[in-house]
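As written, the chains take the letters A, B, C and D, and residue 1 is the first residue of each chain.
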C-alpha cells in the first residue's frame, strides 16, 4: 500500500524516474464521460520544465500519454482507465556513483533502509518528482469530472522565499481568477512580481543552490456539506493527497496558522444571506467547517521546501564503508520546483475531491 | 465512511455529544498485549477539563471507559476491542433553540445541509470535541503498542496567541522531555510562561471570547524507513488522523512553512555518523524524507483555531425563516481548547503510526 | 482487519460469546432514515433459539439492542449507529477445562495458534455463532434501507440432510413468497416437510449428534447493472459477507454446481421482452451476469455443515501435554443451526447489497 | 471500485478484450524479491489457447508481458510493479453488429444498462475472459512470493459435464501432485480420462455448443492460523478473488455442499498428533476452521458454467428497437473454458493468500 489513493475512484500510480515507463490506473470512473485529451495535454504542459535554461532542468521528455484502456471513441467506457508515459531522456549514469551516498534532503537514505538496498536509486526511483506526471494526468481527468459538476480549481505561487504574490480574495474570488493567462511566464496573480522571482531563480542557479516557496490553491463550486466527519473531512482528504507531491512540508486551510494567533471573535466568520444563499461575510475558515464544505471558496496553502538537489558540495555518509563523506549532486534539476508544482497541487486537490464527489 | 481510520488497525469511532454513549472499536490489535487501564485513565485525565473554573467548561463527565470486548484478564485476545463511555452530564436544552441558528465557526450549517436537518444538533452531535474522548482512548491503546516497539510520543503547547513556549530541540530531544510533570498546570516545556497564559485565558474568559494556539508534537524511536511513498507517507497519514481533532486548521513537519523561505543549502540536513548510526546534523526535515522516517525525531506542529463557541453576540442566519439573525451561544465551553487538545494530538499521531507499525 | 465489512457502509462487529457485551457500528448510513426497532426486534427473534427444548440450546438471552448512537428520535442522524447487546446467560465454566483440548470442527485450534493462546476460548470467543446477533442487527438495518429502494430478501431451509423443501421458482417468485408465516415452526416453503425435519432433529438430539443443511436465499428488486466487474461482482461481494456466517462451507449462484454439468445451449438463459422489460425466460444465471445484476431474481444457496458441537466423545489433542486426548463437549448447543441461520444469511446478503446501493 | 483487490498487496487490473492493451499494477510487493519471468511465462502459457483447433479459440496473442516498473535487474525495488500486454489479434468487426443484441449468458445486457451504452462491447470489453491474462500475471508473481514462504498451489479439472477426474487426497496430497506433467494434454490427475474429455469437446464443438466443469484447487504449506474472523476468513477472501474468474458460479471448501448432508459425527475431523504436529485424521473441513487455516491441505472446488458463447442460434432482444430478436454468435471461442481456467483459479487463490501473508 502506498501509491494507491481513493475510495470510490481508486488511483494507482506506478513507475520510476528512470524505469521503462510510468503511468496511472483510474478505477471507478463513470461511463460516458468525454475525456478531452487536448485539455489534458495543456494541463500536463504546465508541469513541463520551464524554457529558461538558466534555472530549469535540461531533461526533456515528450510526456505524451498513451491510453491503454478505459476509453472508447474519447469517452470513458466504465472500465479502468490506464495511461502510460515512456521515459526516454533518462541518464542513469548520473546516479550510479551515488548508490551509497544518500543525498541530503532526499528519500535516498530511508528508502535504502526500507528496501534493503533494492530500491531504484536512479533519479530517486519511485520517489522522484517525475511521478507527479501520472499524478497530473489523473488530476486532469478529475478536473474534467469536477468541471462537469460545477467545481473549478486553480492555484498560483503565493511566494518564493520572501517574494510574495497577492493572495486570492477568499470571499470574492471568481472562476476567471483561477485560470492564469497562458503566456504568463510564472503562475502568479500579480505579473509584476515575475521579474523579481526570475532574478532570484537566476542568482540561485548561479550559486548552485535551490529555493522554496508557498502555493495557494482555491476551489470554487463545491456543494455545501461535502466531506465526512473526523477522518474523512476535507482537510484530512486533501492533506492525504497533497502530501503526495514531493517537497510539500506543510498545509493550512483558511487562516491556518494565523488562526492560532486570533481570538474567536476575530476568527469566526459570521453568516449572512447573500442573493438568497447562506454565505459568510469573511472566510477565515477557508470554506471548511467541521471537515465539511461550507459553500464558501475552499482555500489552502502548501509549503514547499527548496528542492534538495543542489550543486554545492554537501556532507553525507557512505552507507557501504560507513564513513562520513562528501557529495556533489550533478544530474539535471530545477532551481525552484514551485512553478511546476502548481498544477501538481491542483491535481492532488482534484483527485481528493473527485473521489468524494463521484 | 467517515469515522473509520486505518488499514491494518481499523478504528471506528461512534457517538454524539449528547447521545446515550460514545466509544470506539479497534479491530486488528495483536493478541496477548497487556492493556494497562490505569495508564489509559491517566492519559484520558489529561484531556479532562481544567480545574480553574474561570476558563474551563463546567461540564463534568466521569469519562470512565467500559470495555465490552477484546480483553481477557487485561490482555488483548485478538478480537476487536470496544470501549464505551456514557454521557451523563449533557444538557441538551441549551441547544434546542439553536436548531436553525448555525453557530459561526462550527459545523452546524454544512452538517444541516449534508444531513438534511436530521443531524444531532445537541452539543454539535458527532462533530463535537467530545468525540476526542474515544479518539484518546484509541490513542492511549496505540501508545502502549508503540511503547513496546520503542516509540514514544509527546506534545506540548507551543503557543497560544503570541505567548510562546520553547520548542523541542529537534536534534537532541530525549524521551524524558516528552513527558511533562503531572503537577504542571499547563502542558508547556517552560513553566515560566504559565502565568502569562493563564492571565490571557482569564482575560479572554472575562471578555466572553476564546483563543487559539499551536501544538508541537515529537515522536522518538521510529524505525528508519517507516511510511510508504506518495499517498501513504508519514505526512499523509499523520495529517489524515490529526485533522480529525476539531479546530486543527494547519499542520507542518520539520521546518514546515519556514522551509519555503530557505535556500536548499540552508534547508538540507547533512548526514553524518554518530555513535555508529546515520543521523543528520540538523533536523529541518522533521524526521521525514520522501514520506519515510529518517530515524531523526519526527516533529510536527498543528495550528488550532480559537474554539468558535464564544459568549459574544454574533451574526448568523435563521435557516428556517431564511433571514439574517443574531446569536449568543450559551452552553458550557473552554476558553482555550489547546491544553486539552495536547493529548488528542498525541492520540491522533499514535493511531496513524500504530496502523503503519502493526 | 477482520470483523469489518463494506466500502460505503462500513460495518464493524465486536464482542465475544461470553464477554461483557457485543455489538456493531454502522458507519455511512444516510441521515433521515427511519429505523423501526420493532421490526428489527422481530427480525432478531427469528434468530433466537427454538422453543423445542429437545433440540434447541438452553442458553437464553434477551437479545435486546441498546442503541448508543446514530439515532435521534428514531431517525438516523448521519453519525455512526452503534448497537450493543449484553451477555447475561453465559456460563463460562463449561469451557475452562477445554482450554487445551480443541473441539473438532471448531476454530479453537487455529485460533489458539494465531493468538498464541490468548484467544478467548469461552464459547468460542469471537468465533462464536453468537456474533451473528450483531450481524443480524446490521442486516436488519440494511434490510430497511433496501426495502426503501424496492429490494426484498428472503431465505428458507432448502434441505437438512436429505429432507428437501421446494426451491424458489427463480423466474416467477414474488415478494410475498419471501416472507414466511410467523407461526411456521421452521422456515420452509412447504410446511409438509416440517414433521420430518423435526423428527430428524429429535433423533439427532437423542444421539447427541448434529446435522447440516442448505439455505436458499432470493433477492428481488435489484436495479439492473448493480455490482462491479472482477473483484466486486455480486458473487464476490455476497460470498465475502455470507461466509461470515459460521458453518457456511459453500455457496452457489443460480444453477451453480449443476451448471458445470450442462451444455451452453442448456444453461444460457434466452432474453425476451415481458411487459416492456428485458427478462430471461429461465434463470439459471441466478440473476447475475458478469458480476452484475440482470434484473431477474437473484438466487443463491449456502451449504452449512453440521454444527461441530456434539455430545459424542471425540478424538482430539491436548495442546499443553502434546498428547492425543478424548473430548466430550458439554455446553448448550443447537442440534441443527440451519433454522436460526436463515435470517443470518438474509442479513449477510443485505449488508453486501446495501453497501453497493447506498 | 471494481478491478482492484487486496489490502496489503493491492492489485489493479485494467484493459478490455479489444482495447490497446491490458495489464496489472501490483502495489505493496516487498523489495528484493527475485521475479523469474521465465516461470511467469510458463505459467501464462498454461492459460494460452489449446493447440487442438477443433475445440480451441483461433485468436492468437503472444501474451508477452512488458514490465514498465517495479523491477530493477530482475528484482522488485519496492515500487509498484506494472506489467502490460498488447492486444494484436483482436477482430472487433465480429462484434459491432451485436451492439444492441445482448448475448445470453454474457454481461452484455447489465453492462449496457450500468454504463448507459458506453461500455466497450468488443469481445465483452472489460468483462472478457482475456482479463484473466493480467490476473494470471499477478497470480504468477504471488505464487513466487508464496513459494518462498513454503506455500504451493495446484489445480486440476475435477470434471467436465459428467466425466470425472480423481480428486486430490485431502489428507495425504504432497507437493509433487500439485504440478502436472507439462506434456499432459489436459490438466487432470488421471490421464486416462483425457480421451473421453477430448471426445466430448470435439462433439460439443461440432454441435456449436459449449460445456462446463469443475476445478479443484489445493494449497499446501499455509501457516496455521492464517485468515481473520468473520469477513476476512480464508473462505471469504478466496471467494472474493475466485469469483473474479469469469464463469465461476459456485465455490465450496472441503466437503462443501456434501457436508450439508452429514451428521456432525461424520463431518467433524478428529485431531491427532502426527510426527509431532497437530493434524486431523480426515479433512472434510478443507483446511479451514472458523475462517483460519488449520494446517491441513486447503481444498476448494469452483463450479464453472459452460462458456455462453455458442454457435447455435439463440433468442435475445434488440435493445434499440425493443423487440425480441435472434442471435448467432460468431467470433472465436473455446468450446470449454475449463482447461484454460485451471491456472486462473490458481492465480486467484494466490492473490488472495499472498495478500494475507505479505
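For the reader, a short list of remarks on this structure follows.
Assume a contact is a pair of C-beta atoms (placed from the backbone, for glycine too) under 8 Å apart; a residue touches a chain by one contact, two chains touch by 3 or more.
Quick caveat, the model's predicted, so the values are computed rather than measured.
If you take subunit C and subunit D together, the chains in touch with both are A, B.
The pair with more inter-chain C-beta contacts, choosing from A-C and A-D, is A-D.
The distance from the centre of subunit A to the centre of subunit C, each centre being the mean of the chain's C-alpha atoms, comes to 47 Å. Subunit A and subunit D, compared by their mean Cα positions, are separated by 39 Å.
In subunit B, the positions touching at least two other chains are 1-4, 7-8, 13, 79, 111, 114-115, 126, 229.
If touching chains are joined by edges, the resulting network of the protein chains shown connects every chain directly with every other. By the touch criterion stated above, subunit B contacts subunit C in their complex at residues 1-4, 7-8, 10, 12-16, 19-23, 25, 27-28, 31-32, 66-70, 72, 75-82, 84, 111, 114-120, 125-126. Taken in their complex, subunit D has these residues touching subunit C: 1-5, 7, 13, 102, 104-111, 113-115, 124, 126-127, 131, 135, 159-162, 204, 207, 209-214, 224-233, 235-237, 239-241, 243-244, 246, 248-257, 259-273, 276, 278, 280-281, 284-286, 289-295, 303-310, 312, 314-317, 319, 322-324. Put simply, subunit D touches subunit B in their complex at residues 7-8, 79, 229.
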